[in-house]
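One structure below.
Think of it as A, B, C and D in the order they're written, each chain with its own count starting at 1.
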């Protein structure tokens, strides 16, 4: 789900950098409002590394696919809050340099595709604090929605940009069909990511609840 | 035929649990990690494995339990060759850092994990979990969260996760690292009483002296000495040539 | 006035490096981690800190270097009170796991980190990095990546990162854990030759016997004994009451 | 997990001698200029420039090919459809399938642009240690929080990868064989990754203590890097490399915008 170099017109690259620059600036400002912003840096950095490593695990897929990788941007939002929008470009930078996955000119637009849904997931999961205590079901539901919706949102953004920009001559109806088609293939992934997020959140709730207090 | 061989073996008083035939392994072309290792470990033996860091102790363990594929030679456990990558509940490895072995949200789940993977019925799994935890003396921890345990408790739970598979052979990699003296003493008592064939790799020579009836000294992937712990570990020249020291409990005998 | 006091102190033969006045700390209301700890450590002393896990050794270190804020009492280093959270290059802590201490991408960056934060000029920083690495005998590792070093090398580099700040007081938390015998021997020689005031917390009682001229025994956050290592550690009743064992090198003297 | 990004970082070549900060300015300039190109007429020039930089860098050709494999498939899969779906001018017709001129042109543009930018990226990041690139980004004004996070996560990447590897070995030795996606598989994976979070969280606290005990945040507010490339050091590669590549970048942009667009 990364847009490679040279794939989209320059205006999209520039817009990507502009938007991600703005969101990064806003995230940095939100972070500075923390009581002790500096103390979260090592945690966020190590979590960035964990997310990176976890996204390299091959998940066996139902046929006809063979395997896929987790995106995990929803979970990054739930665990890191605004730090997720710093962690994601770092992860994308590592991927671009190490595996040529994505690229330098499209780093901005890819950060938007992955990062904005992460922030949405953060806000969704944060609704938990407005719920009455011991609402196991709602914690799970919110975790599922965060994990699944972030992937779907990213996939929508990705498909819209990819299909909308390379083939401007396509008519609107065909374009929409193409986007729906590609979203269909991400539906299974969204279900898996949603379930996975629920499982991780339940695990952390038992073992280290303080990690969920972002 | 195979059945016959095994029965024959069992009828002998000294059955062999681990056989290494001319084993060799290298991570890269330049550096051999194991060279021509030949060993026979008799059932019920408690064997210590000593040597400086980088001598090949961990590599040897990884080859014995089938995580590494040797470049030449072969490994047999209970006279059946080890197939690298294939699950073999007859052999268990206790990792140096219990955190590497414990990953479930409860001790119960962690200890049950291996038994469940063997395809046992639920009541058998429960039984094995209880037996394993009582053998290591930590039954009271069954509902606790592994990540919250003390170092000594984690160590005993990690051992239980292996015991629950009821393996014939258990390899212990630096089991006393990071333990305080009380937890170490409990570990020593447990190891002395254990009935499996065991191999213990450790820098804690006093532990090996107390537990093992045989010691193997490795250096640069080769077996340098193999014999009685008191004899090998009190040989100052041999020990110092291999970057080791004679343990204190043996020095005053000189 | 402050200057005067310091000069007075320096003129005495026995200046005090660490003073703990009636120190107390508890993580939660139920369990006190440190209770009424009073200590004076003289400049140049090498003090061993022993006790079972959970006795409060690490908590004491954290309080001394200002990471924890004590609930009552106070800590003075070189007769100046420690302000929790404020950087004080006079005191250094060597962590148990060198990987926690070596957080920079290269050895050079890691050793320079503390010196740079003291605001030294670049050439002074370079000088300190070189001095610190040569003191621990690992100058050749300067351009290496910390993650790729052996356990013994990591240990010496971790010590260098603290030495580069040229602290007066260094606390060592379990420095010999996970070292093989050769690396441990190198560490012992280094500690014996070091000129700072040092405190070493360790389960490795033989190391403490070889390095320290004073030992403090903690149990449940209280100082149980304080005195000569040979005397305290050979007292079987005292040691066993506190979940410790008399080290082998002292047993044959009985 | 072994990181192999620094494999060719220590060769000697004019590109290797070009300091990373300047190289970053020069080659990023070119990369962005390349991504602006929409005229087929400029494509041969893009290819020539990329080829010259790649040859100057002395990176092995096999390295380029091996790095191309993974993203290349993705590009091919998408681009394969374009000539048949986009445009009105039919070049060839086989039954219902028609090859269209505009689609072919778009496909050609994307493939060449992608290939040239990838080559330049490889030259940019393959000819210096990865750390130098981060240092260079810091000098160019990347915020300190991001630089610190990048350095720390880079430092622990390999280590956490090995931890995961060891834990997976422990699972394997207790009979865990994962070949299909089901609830139990996901549960085990979640516990594994969850444990990794808990362990790295605890470690991050200890790291933070180690950092503040050595003055983090007290003075320079940053993980300092020794030998950081300062802008005062100037050699001919820095001067000419940067000037030439920025000149080329500007020329491409100007040509694209003023001469070819109309």
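We take it that a contact is a pair of C-beta atoms (placed from the backbone, for glycine too) under 8 Å apart; a residue touches a chain by one contact, two chains touch by 3 or more.
Nothing here was measured: the structure is a model prediction, and the numbers come from that model.
Colleague: Could you quickly compare A-B and A-D and let me know which has more C-beta contacts?
Modeller: A-D
Colleague: How many angstrom lie between the centres of subunit B and subunit C, each centre taken as the mean Cα position?
Modeller: The computed centroid separation for subunit B versus subunit C comes out at 34 Å.
Colleague: Measuring centre to centre with CA averages, how many angstrom lie between subunit A and subunit C?
Modeller: From the centre of subunit A to the centre of subunit C is 44 Å.
Colleague: Rounded to a whole Å, what is the gap between the Cα centroids of subunit A and subunit D?
Modeller: 19
Colleague: Can you list the residues of subunit A that touch 2 or more other chains?
Modeller: 42, 203, 207-208, in rising order.
Colleague: Find every residue in subunit D that makes contact with two or more other chains and list them.
Modeller: Counting only residues that touch two or more other chains, subunit D contributes 151-152, 154, 191, 194-195, 198, 203, 207, 211, 216.
Colleague: Which residues belonging to subunit B are in contact with no fewer than two other chains?
Modeller: 105, 147
Colleague: What chain pairs are in touch here?
Modeller: Contact pairs between chains: A-B, A-D, B-C, B-D, C-D.
Colleague: Given the complex with subunit A, which residues does subunit D contribute to the contact?
Modeller: Spelled out, the residues of subunit D in touch with subunit A are 1, 3, 5, 28, 31-32, 34-36, 38, 67-68, 70-71, 74-75, 78, 82, 85-88, 102, 106, 110-118, 121-122, 124-125, 130, 133, 143, 145-146, 148-154, 156-157, 160-161, 164, 178-181, 183, 185-187, 189-191, 193-198, 200-201, 203-205, 207-208, 211, 216-217.
Colleague: Can you list the residues on subunit B that touch subunit D in the complex?
Modeller: Touch residues, subunit B against subunit D: 65, 67, 85, 87, 89, 92-93, 95, 97, 99-105, 113-114, 117-118, 147, 161-162, 165.
Colleague: Across the complex, what residues on subunit D touch subunit C?
Modeller: It is residues 131, 151-152, 154-155, 158-159, 203, 206-207, 209-216, 218-220, 223-227 of subunit D that touch subunit C.
Colleague: Quick one: in the complex, what on subunit A touches subunit D?
Modeller: Touching subunit D from subunit A are residues 4-7, 9-10, 13, 24, 28, 31, 37-39, 41-50, 52-54, 56-57, 59-62, 79, 83, 86-87, 89-90, 93-94, 96-101, 103-105, 162, 166-167, 169-170, 192, 195-196, 199-200, 203-204, 207-208, 211.
Colleague: In their shared complex, at which residues does subunit C touch subunit B?
Modeller: Answer in residue numbers: 52-54, 150-152, 174, 177-185, 203, 205-206, 243-245, 247-249, 251-252.
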